[in-house]
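Following are the structures in question.
What follows is a pair of complexes built around chain A, which joins chain B in one and chain C in the other.
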Partner chain A sequence: MKRRVFVRGRGAITPLGETWPASRDALAEGRSAVGPVRHFDVEGYPSQVAARVPFPLEEAEDRRLALARRAADEAWAEAKVSAAPERIGVFVGAESGRATYGTIFALSRAAGGGARFDHARFGEEARGLATSVHAAAVSPAAVASALAARIGAEGPVETISLACASGAAAIVSATQAIRLGLCDVALAGGVGADVDPFMLVGFGLLGALSTRGLSCPFDVRRDGFVVGEGAAFVVLAAEPGDTRAEIVGAARTLDAHHLTAPDPTGDGAERAMRGAIEDAGRVNIGYVQAHGTSTQLNDAVEAAAIRRVLGDALPDVNVGAVKGALGHWIAGAGAIGFLCALEAVEEGVCLPTAGLTEPDPACVLPHVVGAALRKPVEAALVNAFAFGGANASLVVSRCA
Partner chain B sequence: MTHAGRMAVTGFALRTPLGDDAGAVLRRLLAGERAAAPNAHFDASTYTCRLAATIPGAPRPTKHRKFVKRMGLFGMEVGAEALARSGTPANGARLGLFCGYGGLRAHWDDLMPVLEKQAGDERATGAWTQGFSLLHPFWMLFHLSNNAHALLSIDVGGKGDGTTTAGSNAGAQALRAAIVALAVGSVDAALVFAYDSLVEPETLLSLGMSGAATNAPTPAAVVAPYDERAAGIVPGEAAAAVVLERPDDAGDRAISFVSAAATADGAVDFPLPRTSASLAAALSAGDTIVDGAALASPARDAAERAALADVLGPSATLLALTASTGQLGGATAVVQAILLGEALRAGALPPIAGLERPSEGPLRPLVRAEETRARSALALSAGMPGLAGVLRVEVP
Partner chain C sequence: MRLDGKGLPIVAVSTLTTAGLSGRGLGRRVFESNHPLPSEIDAPAPSRPEDVRQRKLMSRAAWFSTLVMRGALTEARWDEGRAEIGAFFGVGASGAEMDEVARLVAASMEDGRFSLARCGREGLDACNPLFAFQIMNNFTLCHGAILEGLGGPNAAFFSRGSGTVTALEEACASINAGACERALVGGADTALHPVTMAELEREGFLRQGLKPAEGAAALAIAATAEAPLGYVEAVRVFPVDRPRGALVPRTGVLRDAAVPAAFDALEDQPCDVVVLAPWGAPAREALMDLPEMLEAELSVDASLSLGESLAAAPALAWALALDLLVHLDKPRALVLSAGPDGDLGAVVLGKGGA
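Moving on, here comes the complex of A and B:
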C-alpha cells in the first residue's frame, strides 16, 4: 500500500505575476508575457523575444536562487506543515548557474582576451573573480542546497538537471520519496533563469527558437519556442491537512531516440503518460497541461500521443499549454505546468494556451483557447518532455 | 525509513587517475600511491593550485564527440562497459539510466574566439556581429546537462526511468535515485554512471583561492588528509558506472550491495560534518570502516572524525581513497562504491596515502595497508555548496 502524496502548498514567480495567484489570474485572462528582449542587445540574434520576470529580485549574480527563493517561500508559507528536519526533503529541477555575461567576458580578458585561453595569465589575473565562479554561484545544486537550509530540511535533497523535464522529474522524485517513506514532507519544483545572451544564442543557433517571435503551442504558425524564466514550487506531504488535491500518478521514461528531436512515434511520451495514468488507477482525466513547446515536431508528436493515450475519453478532456504565455522555462517548465494542472483540479479553472489562434490540423485536441474554461476536473495530467528524450508525466487528482 | 534499501551491484567500470581496471587500481591504493602530479591538462604554474590528479589518456574516438566533451564521453564509455559486464537481462523500458555529473563548465576553446572582439559591456552590445554568430550550431549541445545521459540511453537502448542529478555529490544522488526506482519497481535494472572533473580553469581558480585546494609546489609536498599539517585537497577527475539490480533478481551475479543517501545543508563551502554524520547514522549497520570525506583541512578533518565517532564509535577505521585518487567531485560516490567493494572482497584495506603524522582524535586513520575480515564499509563524499553523500557497501 503506497502512501498518499498530498499537495499542501503552491508558489510561483512568473513573468506575469509575483505570486501564483497573481500569475494564475493573468493566465486565466489569456495574457502573454512574451515580448522583445530589452535588457541586452539582441541585434542579429535568431530570436529576439523572451518572457522575462519584470519584478525586482534580490540577487544580481544568481538569478536562479532569487527566483527559486521567492516561489519556495510562498509555497512553504501556504503549506503550514510541520515535520522533523530529517523528514523534510527538497527536490529541485535546476540547471547550472552562469556568471553574468559581464563576468564571463572579464574571465576571458583575464585569460588574455585572445583567441586562445592563456592559462599563465588567467592563473594570476582572474584571482579577483574567483567568488563569481564559486560553487555557491554556479553549481546546479546550489539552489536545492540553499532552499534546504532556508526551510530547515535535513532529509533527502536532490537536484535534477534533466533539461526541459527537470521540474516535473523533481516532483516525480519527491512523490516517490514520500511514497517510500524516505521523507514525510517535500519541497519540490523547478527554476529556469535562462533569458541571457548565451542561452538565446545557443538555442537560437540550434534552430530551436521562434524566429517569428511567437510562442503559440499547437498553432499552425509555430516555429520554435520562446525562452522564459521563473520558478514554481509545491509542498507535498504524507498528511493531508486541509488540502484538496493529491498526486496519484507519476512516471518517467526515456525515448532513447535522438539528442534533440523527439521520437516521431511518440513512444516515450506515450509511455510516460500511460505510466502515470496506470499508476493513478481509476481516474477521469479532465484536463491536460501539455508540454507544448511551440516547436513543429514536438507539438505534433505530443498531440498525437495525447490522442492515443486518452482515446475515447478525449472529448471530455481539455488541453492547455502554459508556454504560450510564459515562454519555456527549461528546468522550471514542468513545475509551472504542474501548478496549472493543480488549478484545474482545485478550482475547476482550465487555463488556456495563450497565442493559440489557428490550431494546426496535426495538433487537433480539445484546446482551451482565449480565456480560461471553468468546469469541474477530477484529475489532470501534466507532461514535460526534454531535449535528449527524457519524459515525465504526473497525474494530480481531487482528494477522495 | 530514511533510505530506500540496498541493491546489488552486478557490473561496474571506471576511469580514474590511477587507472581503469579496478583490481589494478586497488593494488596501487594498497601500495599507497598518489595520483597527484603537475597539472597534465594545462599550464597551471601561476594558479594557486598547481597540482591535479587527471585521467591518463583520452576517450575512445566516437561520433558523440560532436555533442559531448571529454568527461561526458568517459562517462558514456564506463556506462556501456558496466552494462555489458553485468549480464542483466533487463532492457528497453525495464532498463533505467541514472547519471550524476558535477555541473556545466565553460568551454573556453569555443568561447575565447567568440569573445575576442566583443566590447564586453553589460548589455552585450554588438555581441552577435562581433562573435556569437561564429559559434557552431551544435555549440548548445555541449551545454546540455543530460547530453551524455541521452546519448548513452540511445546506445544501450535504455528506455525506462531515468534522471541526471547534479552537483558535487551527484554520484550519491544518482545511486539513491536508482535505488528508489528499483524499490518502487519502475525499472528492473538501473545503470548509474557519474563523471566530473575539478581540473578546469575556473574550478581550480575557485578551489585555490578559497583555500580548499592544496598550494603544494610538488606532489611530494602534498600533505595527506587527516594529517596534522593537511592543507587542501588535490583536484581530480573520474568517471565510473555501476549496474544495480534488486538482490533477488541479481542472484549469483551480485558483486556487492550498496545503499545510498544524499542531502545538502546550505553551507557555502563544504557541508557541516554533522550533516554527513547524520546520513552515515541512517545507513550504518554496525559498520567499523569508513572512507572519509578527506577534505584535508585540520579543522574540518577533526570535526568530521568527532561527528563520525558518535555514529561508529571512536575506534572505527578511517580510510581516504581520495588521498590517492584526488577529489573526484560528482563522481566520488560511484568510484567509492566500486573500489571499496574491491577492497572488501580482497580483504585488504588501503592506507591513507601520504599520511605521516595523523592528527590526534577519534577514529583510526589507516597509515599502512592492512587485512580485514569486515564485509561492509561506509563512504562519505562532500562538496560545495554544502553537498553531502554517504553510501554503504557490503560484499557477499
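Moving on, here comes the complex of A and C:
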C-alpha cells in the first residue's frame, strides 16, 4: 500500500507576482508578463522579449538562489509542518547557473583570448582564475543545498536536471520518496533564471524562440517560446494536516526520438500521461495544465496526445497553459504548472492560457481562454516535456 | 532501501575508463594493480552514421554515457522492447567544448571589452548553433537514450557522488513499483573540463588530493533474471552534517557517519569485499578504518586507481565491486562512496550465478 502524499504548502515568485496568491490573481485575469528585454542590450538577438521577475530580490550568489529562497520560504511558511530534520527532504529541479560575463571573459583570457581554447595556457592560469568561478553560482546542486540548510532538512537532498521537465520531475521524485518512506516531508519544486544573453543566444540559435515576440500556446500565430523566469515550490507530507489536495499519480518517460523535437506521434508524452493516470487509479480529470510551449510542433503533438489520453472524457476537461502568461521557465516550468493544477483542485479556479486568441485547428482542446473558469475539479493533470525527450506527468486530486 | 529477497538482479555492466570500454575486468585490473593511471580517456570514435551526426552535438560526458549504455544493452542482450527500458543517471555539469565558448567570446569583443551588442551581432554566428545541447545536463542521459531507443521512466540527477547513488535508488524503486521491468543506471562525467577544474581548484579539492578523472559506467538491472552477474541488495544515500557554507563534512564527522551507515546498509550481514570511493585525502582518512571494522577480507580504494570522476565515480565503484565478487568468488560487497558533494552513498552488492 502506497503512502499518501499531501500538498501542505505552496509558494511562487513569478513575473506577475511576488507570491503565489498575487501571481494566481493576475493569472486568473488573463494577464501576461511577456515584454521587451530591457536589462541588457538585445540588438541583433533572434528573440527580444521575455518574462522577467520585476521585483527586487535579496542579494545572492546567483539569481536562481534569490528566486528559489522566496518561493520556498512562502511554501514552507504556509505548510506549518513539523518533522525531525532527517525526515525532511528537498527535491529541486534546476539546471546550471551562469558564470558572470567577467568570468567568461577571464576564462577566455586565461585560455589565450583567441578563437581557439588553449588548454595548456588555461591549465597554467587556472589557479589565478579560480576565484571567479564560484560553485554557488554555477552548480545545479547549489539551490537544493541552500534550501536544505535554510529549512533544516537533513533527509534526501536531490537535484534533478531534466531541462524543461526538471521541476515536475523533482515533484515526482519527492512523491516517490514519501511513498517509499525515505522522508515524511518534502520541499519540492523548481527554479529557472534564464533571461540572460546566453540562453537567448542558445535557444535563439536553435530557432526555438518566438521571433514575433508572442507567447501564445496552441494559437495559430505561435512561432516559438518566450524565455521566462521564476520559482515555484510545494511542501509535500505524509500527514494530511488540514490540506485539501494530494498527489495521486506520477510518471516519467523518455521519447527516445530527437534532441529538440518531440516524437511526432506523441508516444512519450502519451505514455507519461497514461502512466500518471494509471498510477492515480480511478480519478476524474477536470483540468489539464499543459506543457504548452507555444512552439509549432510541441503544442500540436501535446494536444493530440491529450485528446487520445482523455478520449470520451475530454468534453468535461478544460486545458490551460501558463507559459502564455509567464514564459518558459525551463527547469522551473513544471513546478509552476503544478501550482496551477493545484489551484484548480483546491479552489476550483481553472487558470487560462494567456495569449491564446485564435486556437489552431491542430490544437483543438477545451481551452480556457481570456480569464479563469470556475468549476469544481476533482483531479488535475500536469505535463512537463523536455528538450532531449524527457517527459513527466503528475495527477493532483482533492483529498478523499 | 533494502531490496526484497536476494535483491534486484544485475544483468550486465559496462565501464569506460583509461583502460578503455569494457564489460567486465575492471575489478581484476584494479586488484592486480594493472589499471592505467587516471588521465584523459581516449574515447572510442563514433562508429554508426547516426553517432557521427549526434556526436557533434554532444558533450564529452554525453558521449561517454552513450558508449556505456550501448555496452550494457549489448551485454544484456536487450535488443527488444527498448521503449520500455528505464534510464537513471547521475550527471555532472555538462561542459561545452571550450573552443565554442572561446569563439563566441572572441567574436564578441569590442575595444578590449566583452560587448553584448556585438555578441548579438557577431558572437552568435561564430559558434555552433546547436551549442546549447552540450551545456544542458540532462543531455548526458538523453543523447544515449535517443541513440539507443530507451523510452521508459527516467531521471538525470545532478551528481558529484550521491546523485548517482540516488539514481540507483530511483531505478530500483521504479522496478519495484512496476513502472519498468528493466533499467540502465549509472553515471558519466569528466572532472577534466577546464571549468570543472577551475571549480575544483576554487573549492580547495585539488589541494586536498582530489585526483581529477573522467569515465562512465552503466549497470543493466532487471526485475528478474536467470543467471545475473550479481544483485543490488541495498542502496541508500546518507546525508552527513557539515559546517555551514562548507561543501564537505569534517573528516571526523564523516568517519562517525560512515560506520553506522555501513552497518545500516549491511543490516548485520557479513561483508567480504569493501570498495571505497573517497574524493580525496580527508575522505580517505575518514573511511580507511572501515574495512577492518567490518572484518572484510578485501578492501579496494577505487579512487586511488580510477581517480575522481564525480558523477561517474560511484557507478565505476559498483562495477569494480561486482567484478571483484565474480573474480574472487565472494558473496557480498559494500561500496561506500564519499564524493565532493559531502554525502555518503552505500550500496550492497551480492554475487550472482553468472
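In this text, the second predicted complex is superposed on the first by the 371 of 400 C-alpha atoms of A that agree within 3 Å, B and C clash if a C-alpha of one lies under 4 Å from a C-alpha of the other, contacts with A are read in each partner's own complex, and residues count from 1 in each chain.
Assume contacts are C-beta pairs under 8 Å (C-beta built on N, C-alpha and C of every residue); 3 or more make two chains touch, one makes a residue touch a chain.
This structure is a prediction, so every number in the text was calculated from the model and none was measured.
K.L.:
Which holds for A:S96: it touches chain B only (first), chain C only (second), both, or neither?
P.N.:
Both partners, chain B and chain C.
K.L.:
First (chain B), second (chain C), both or neither: which does A:R150 touch?
P.N.:
The first partner, chain B, only.
K.L.:
So, A:R10: does it touch chain B (first), chain C (second), both, or neither?
P.N.:
neither
K.L.:
With both complexes superposed on chain A, which partner does A:H258 reach: first (chain B), second (chain C), both or neither?
P.N.:
both
K.L.:
Check the residue A:I160 against both partner chains and state whether it touches chain B (first), chain C (second), both, or neither.
P.N.:
both
K.L.:
Pick one for A:H39: touches chain B only (first), chain C only (second), both, or neither.
P.N.:
It touches chain B, and chain C stays clear.
K.L.:
Of the residues on chain A, which ones does chain B touch that chain C also touches?
P.N.:
Shared contact residues on chain A (touching chain B in one complex, chain C in the other): 40-45, 86, 94-96, 101, 104-105, 107-108, 111, 113-117, 119, 122-123, 126-127, 129-131, 133-135, 138-141, 149, 154-163, 169, 173, 176, 180, 182, 197, 201-203, 205-206, 251-259, 267-268, 271, 275, 386-390.
K.L.:
Give every residue of chain C touching chain A within the complex, in rising order.
P.N.:
Interface residues on chain C, with respect to chain A: 1, 54, 57, 82-83, 87, 91, 93-94, 97-99, 101-107, 114, 116-117, 119-121, 123-124, 126-127, 129-133, 135-139, 141-143, 145-146, 148-158, 160, 163, 166, 169-170, 173, 177, 179, 194-195, 197-199, 201-203, 237, 239, 241, 244, 247, 341, 343.
K.L.:
Using the touch definition up top, name the residues of chain B that touch chain A in the complex.
P.N.:
It comes out as residues 1-4, 42-48, 67, 93, 96-97, 101-104, 106, 108-109, 111-113, 115-116, 118, 120-129, 132-133, 135-141, 143-147, 149-151, 153-154, 156-170, 173, 176-177, 180-181, 183-184, 186, 201-203, 205-206, 208-210, 261-269, 275, 278, 282, 383-387.
K.L.:
Under the touch definition given earlier, write down the residues of chain A that touch chain C in their complex.
P.N.:
Per the stated touch rule, the residues are 40-46, 86, 94-96, 99, 101, 104-105, 107-108, 111-117, 119, 122-123, 126-127, 129-131, 133-135, 138-141, 149, 154-163, 166, 169, 172-173, 176, 180, 182, 197, 201-206, 251-259, 267-268, 271, 275, 386-390.
K.L.:
Residue numbers of chain A touching chain B in their complex, please.
P.N.:
39-45, 86, 90, 94-96, 100-102, 104-109, 111, 113-117, 119-124, 126-127, 129-131, 133-136, 138-142, 144-150, 154-163, 169, 173, 176-177, 179-182, 197, 201-203, 205-208, 251-260, 267-268, 271, 275, 386-390
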